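Both of the next two complexes hold chain A, though its partner changes from chain B to chain C.
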Partner chain A sequence: MMAPALSNFLRVIRAPLAAILLTLALGFLLVASITDEPVRAYRDLLLANFDSLGNFALFLNRATPLTLIALGVVFSFRAGIFNVGGEGQLYAGAVTTTVVAIAGASLPAVVLMPLAIVAGFLAGAVIGWIPGVLKVRLAVDEVVTTLMLNIIILLITSWLANQVIRDTTAYGAVSWMVPSSIWLPPLPFVPRATSGFLVAAVLAVVSWVVLFRTQWGAEVRAAGTNLRFAEATGVPAARRVISAMVIAGGLAGLAGALYVLGVGHRFEQNFSPSYGLVGLTCALLARVHPIGSLATALFYAAMLNGAAYMQISTDVPRSLVNLLTGLLVLLMTARLRRAAQAA
Partner chain B sequence: MNLTSLLAAVLEQSTPILLAALAAMITLRANILNVAVEGMMLAAAFAAVAVGDWSGSAWPAFLSALVVAVVLSQLLALLTLRFFADFIVAGLGINLLAAGGTLFILERYYNSPGGLRPIAFPDIWHVPAGSLSWLPVLGPTFEGQSIIVLIALVAVPLTYVFLYKTPLGASLRAAGEDEHAARSAGIRIAAMKALSLAISGLLAGLAGAQLAMDKLHFFLPDMTSGRGFIGLAATLFGGGQPWMTAAASFLFGFFGALGDRLQVFAIPSQFVLMLPYLAAIIGLTFARWRILVRNRPARIQDNLQ
Partner chain C sequence: MRDPDIILSLAGIAKSFGDKAALSHVDLDVRRGEVHVICGENGAGKSTLMNILAGIHQPNAGSIVLNGKTVTIADPIAASRLGIGMVHQHFTLVPSMTVAENLFLGRQPRRLGIFSDRRQMIERARELIARYNFHLDPEAPVRTLSVGQRQRVEILKALAFDADLLILDEPTAVLTPPEVDELIGVVDGLRARGRTILFITHKLREVKAVSDRVTVIRHGRSISTRDTADVTEADIARDMVGREVFLVGRKGNAQRSFGAPVLTLDSVSMTNHAGRRLLDRISLQVRAGEVLGIAGVDGNGQTELAEAIAGLMPVQAGKIRFGDRDLTDADLNERQQAGLGFVPEDRLDRGLSVTMSVAENVAATNYSRAGLLSGGLINRQKLDGFAGEKIKEFDVRGAQPATQAGWLSGGNMQKLVIARELERDPSLLLICQPTRGLDIGASEFVHARILQAADRGRAVLLISSELSEIFALSDRIGVMYSGRMMRVLDRAEADEETVGYLMNGGSKEAA
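What follows is the complex of A and B.
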């Protein structure tokens, strides 16, 4: 019984694993050409996150938004929408949570905390809803609309952070602190890690159940495979696609909300090292699978943080990771033989 | 006077968008949604500044911008056509590679992650001031524009002639419209797609060179700021037709130039900077809505995507 399941699992992860290994190998050649200690550099890149509890906490904090955005991407891609708008949805969520938390500072924490989180989720959901509706009703290309929305949202948040909720005592475009009564508690046993990671991990499992073990999820996937066919068989496909996009945007918005309440405690205009695109990378690397996305998000969080440790210990610039990400995304969907023609 | 300066600003703002739009259009006709224009532009702009700084003359800088963009386009062609990678994913990979690669080079070899600002930079040929004073409105509009602006304007009829009046262009369109039919007519699909990507790279390289070499003479990691995607939107807005695509590019360029003017008033700059992107979304929505209304049971929808 076990053997076929295991071989199936190996077959599924073979291609992404090959892409990762090929990219890391190419990166190693590059690192070896610019430093005398390529092994040291790579050890720090991949493993320095586990050197101390502090590093480990930062690693989990990094993985939290990546996981949530990747889960959002999974919902949208399963519904057939090429959603590149994670960054905008994340920022919409983060800034809305901050605005609600600052405006409602006089409310009791039991009211304000859920209110702020829900507001962040809803803000992301609205930003996901727009390209979803435009795609389903008018066939407006979602790649373009989500990319344009990213830029628009970033400009709106820049205005808010600079002119409206700006902490005038601080340097840079940052908002006032949110009330400390609604900060997320740290993770048990890992003092400086946000408990948002638990939320992300639980939602990864929930997403899998919803997408693969409910009728709603089956209908979303049917709509994503072939919208017209799904409509013809009686599935309300257009509505399923739009609601999948609402959830996708909502999850990215939640990533922003949990970042503000759990890690940043305020809105910072440049808090995201393009989490949106990296989250997309994680989801695609995981072959748009929710549990797989959790694994790839952890891998990527290790790389992103590891790059900083690597830059300190050797003279390899941390932007090596950006370069490797580009290579990885480029190679990710490549294969040696033409895939069997999908329906 | 004020009108001509606005026209000149529109022309200047539109040129990179127009070139990016033509770059996206030529691949769209071969049935490729080319999201990599942005990355090819960025790499080209970097190459122009780096080579201009190193060589001290304009033509090597200009040519290296074109070469880098075409090389990237052929890397994309190799991965998608030979190794069957997904066009959009690999295209985003090109963008990430261009952004990560330029940042890496800036950090590693120039020690300045913020950008590259050569102290002296060679000038590319600009239309000399006063040389067109005999033309009433257009003269002052064109004076001081770079040669790339002129190339961009010529590129519109050239792409039109190539696509509609040459056998090669017809084959390219056939490969994009119906692969199976084109293949049975003896057209080599992969070669056509690679060709369209190469032309796309050339045009994106021109766009990048214009960004870096016209007025700015420096490179910033985010200097393309979505212009490649606005170009893509202009192409979709123009339905893949050269003239309509050019018109849409000028419309978006107009909103960009308008934004610069509005900054004088008390409107926060962010809302002004937003205009071309908002215009792109609204314009695209309007274009799709019109098509939907005009031909209800539409097969054209599939062709344009």
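What follows is the complex of A and C.
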């Protein structure tokens, strides 16, 4: 029982692993051509994250929103929806959690904390629901609607941050702090890491179970791979697609909520360095697999943070990471295409 | 040895893709001026062989002798230079261009070397059409033509290059019965003009109707070449399958008694968004233990009838009853609960999700019914066990529970769909085009399953545009034309002539 499961798992991760190793090897040649200390640069890129508990905490904090957004993308893609609205859903969740936390500051923490988190989830869910319904009922292209919603949400949240919940004593467009009583506790043994990471890791496993071990998940995937087949087997296909989008948005919203409560402790305009897009890339690199998405999100987080350390200690610019990312995507798609042609 | 009558001679042709041998040893002699049928089941290697002749694939071994000279056919251009014209199963025409433009695509007559000379092009197209008596308008856009007419354009395109040897790859697969007859007439005409024709098919009736000689290919080997006049359909079928074939059928004379009506349609009408009538007051009844066959040329409302009964498309008027229950407005799920098993007409469109596994496809409608859930979760072992059972019971070849459904051949995909729908032992089996694109072995199997269901007292509604299938299986035959049920005939009063007459809307002219 265990052996086939293990070999199956190895088969799944073999291709992405090979692509990552090849990318790193090619990247090393590049680094060697611009710096005298290529080994040092590469060590920092890959390993500086683990030099200190502090660095390690920052690494986990970075991986948390990436994982959650990637999981959301997995749900929507499995339902056949090309959801590129992770960024908007993230901001909607973050700002809603902040507003609820500030407005309900007088409530006891045991009430306010779940309330704020649920509010963030729901806000993202609503932003996911809109393109889902438009797609299913009116066949409106979801790429357009999710992209446009990103812009709308970004502008609304920055208006809120500037005009409504702005901390007038602070510099920059940031909101008031949320009450410290509802800050997420740190991870055990890693003082500055958010326990949101645990939530993300658990949800990765839960997502896998839901998508691949429940009838609901099978129905979502049936609708996502062949809507007309799903209908012909009695699946309420439209409903399944919409609920998958609600969950997708909700997970991205949850990423925003946990960021505010665990890391930022307030809403900051432009707090996300394109987590939405990076999360999407993580999900695609993991071939839309929940557990794989956790792995790719960790890899991305390591690269993003490692690049900063590398830039500090050597003269290699951090934008090297963008180049490596591009290379990785290229190699992965090349593989996918070959696999598709073989089939 | 050198026979001047032999236009093409293949010896020991072999071809493999990767480690899979598509052809292992094919010998073939084609005489000048004959119609030679290549016959074989799906996957026997017919298409590979033709693609070698058309220059698309190169053989790994063997020789090709054309007009007494050994040749290599490097690419399709070389093939046409050698006088080999190929008509593919899937058309290669530009729908928005006219017949003449399609015929001369890439080789238009020129004036002063640059301007295309439309008048000359149309004139030459007209001559070509007249020479072969094809009744086509050279200035009609191809998109306005029927499938049969498009095929004639394809044939003309090959002939315009002065092909001595014309290859028709499964030309009847896309045609309706009257169009098949017309094509056979076209082929006869070409033979009369001295052309040599290689005709690929797996339909036995056509072999007898069209050919002078027939070569059977099985598992990549040429099995036999015989004069068509000397063989029976059963002989060919035996060579194709490699064993005795039992062509099952309802024994027409046996006295049968049927039970109560399982499905009743009462004046059901359906209109599309544009207001066009798709179904026009259809009434019918299927009784327990009975096979009701619905014949008709594709596109006369059969698809809509199936979707209406399955609950996938709403009807505007009339009643649909399962037993005594009115399920006119029920969704598919409710109808399944009420005893519907539904095999859609297109396994790739509605029948399967080709990117999901065999196990998930066969379990799709059966999770709770077959006890595949434990504690709300899918039990992987039970799921695989269930799929393994179905694979064995329905002889789905090349399938493991975890195999992607899309990797199976058409016949095995179809078995998968039927396995899923029969699992519930439905009281009404609605089965559409059950053997479309299937080879003899698979068709035989599917037909036996349909009759088994009827013998167990289930009601079967069989919708098919394959007349031989309707005649072989049905107790009663309904004929649809233009959204109407022309008549429902008892098997005894239904003969090909009457049914064909009704299929054309009751007019004597062929459509």
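Keep in mind that, in the parts below, the second predicted complex is superposed on the first by the 322 of 343 C-alpha atoms of A that agree within 3 Å, B and C clash if a C-alpha of one lies under 4 Å from a C-alpha of the other, contacts with A are read in each partner's own complex, and residues count from 1 in each chain.
Here, a residue touches a chain if its C-beta (ideal position, glycine included) is under 8 Å from a C-beta of that chain, and two chains touch if they have at least 3 such contacts.
Keep in mind it's a predicted model, so treat the numbers as computed, not measured.
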{"item": "First (chain B), second (chain C), both or neither touched by A:R14", "value": "neither"}
{"item": "Which superposed partner A:L323 touches (first chain B, second chain C, both, neither)", "value": "first"}
{"item": "Touched partner set for A:A222, first chain B, second chain C, both or neither", "value": "second"}
{"item": "Broader residue contact with chain A after superposition on the shared chain, chain B or chain C", "value": "B"}
{"item": "First (chain B), second (chain C), both or neither touched by A:M148", "value": "first"}
{"item": "Which of chain B and chain C A:R239 touches, first, second, both or neither", "value": "neither"}
{"item": "Partner chain(s) touched by A:T214 [first = chain B, second = chain C, both, neither]", "value": "second"}
{"item": "Residues of chain A contacting chain B in one complex and chain C in the other", "value": "none"}
{"item": "Residues of chain A defined as touching chain B within the complex", "value": "34, 82, 84, 134, 138-141, 143-145, 147-149, 151-152, 155-156, 158-159, 162-163, 277, 280-281, 284, 317-339"}
{"item": "Interfacial residue positions of chain B with respect to chain A in the complex", "value": "33, 35, 75, 79, 83-86, 88-90, 92-101, 103-104, 106-108, 113, 225-226, 229-230, 232-233, 236, 268, 270-271, 273-274, 277-278, 280-281, 284-285, 288-289, 292, 301, 305"}
{"item": "Chain A-touching residues of chain C, taken from the complex the two chains share", "value": "310, 312, 331-333, 336, 342, 344, 349-356, 360, 363-365, 367-368, 373, 376-378, 380, 404, 406-407, 420"}
{"item": "Residues of chain A that touch chain C when the two form their complex", "value": "209, 212-215, 218, 221-222, 225-226, 228-236, 343"}
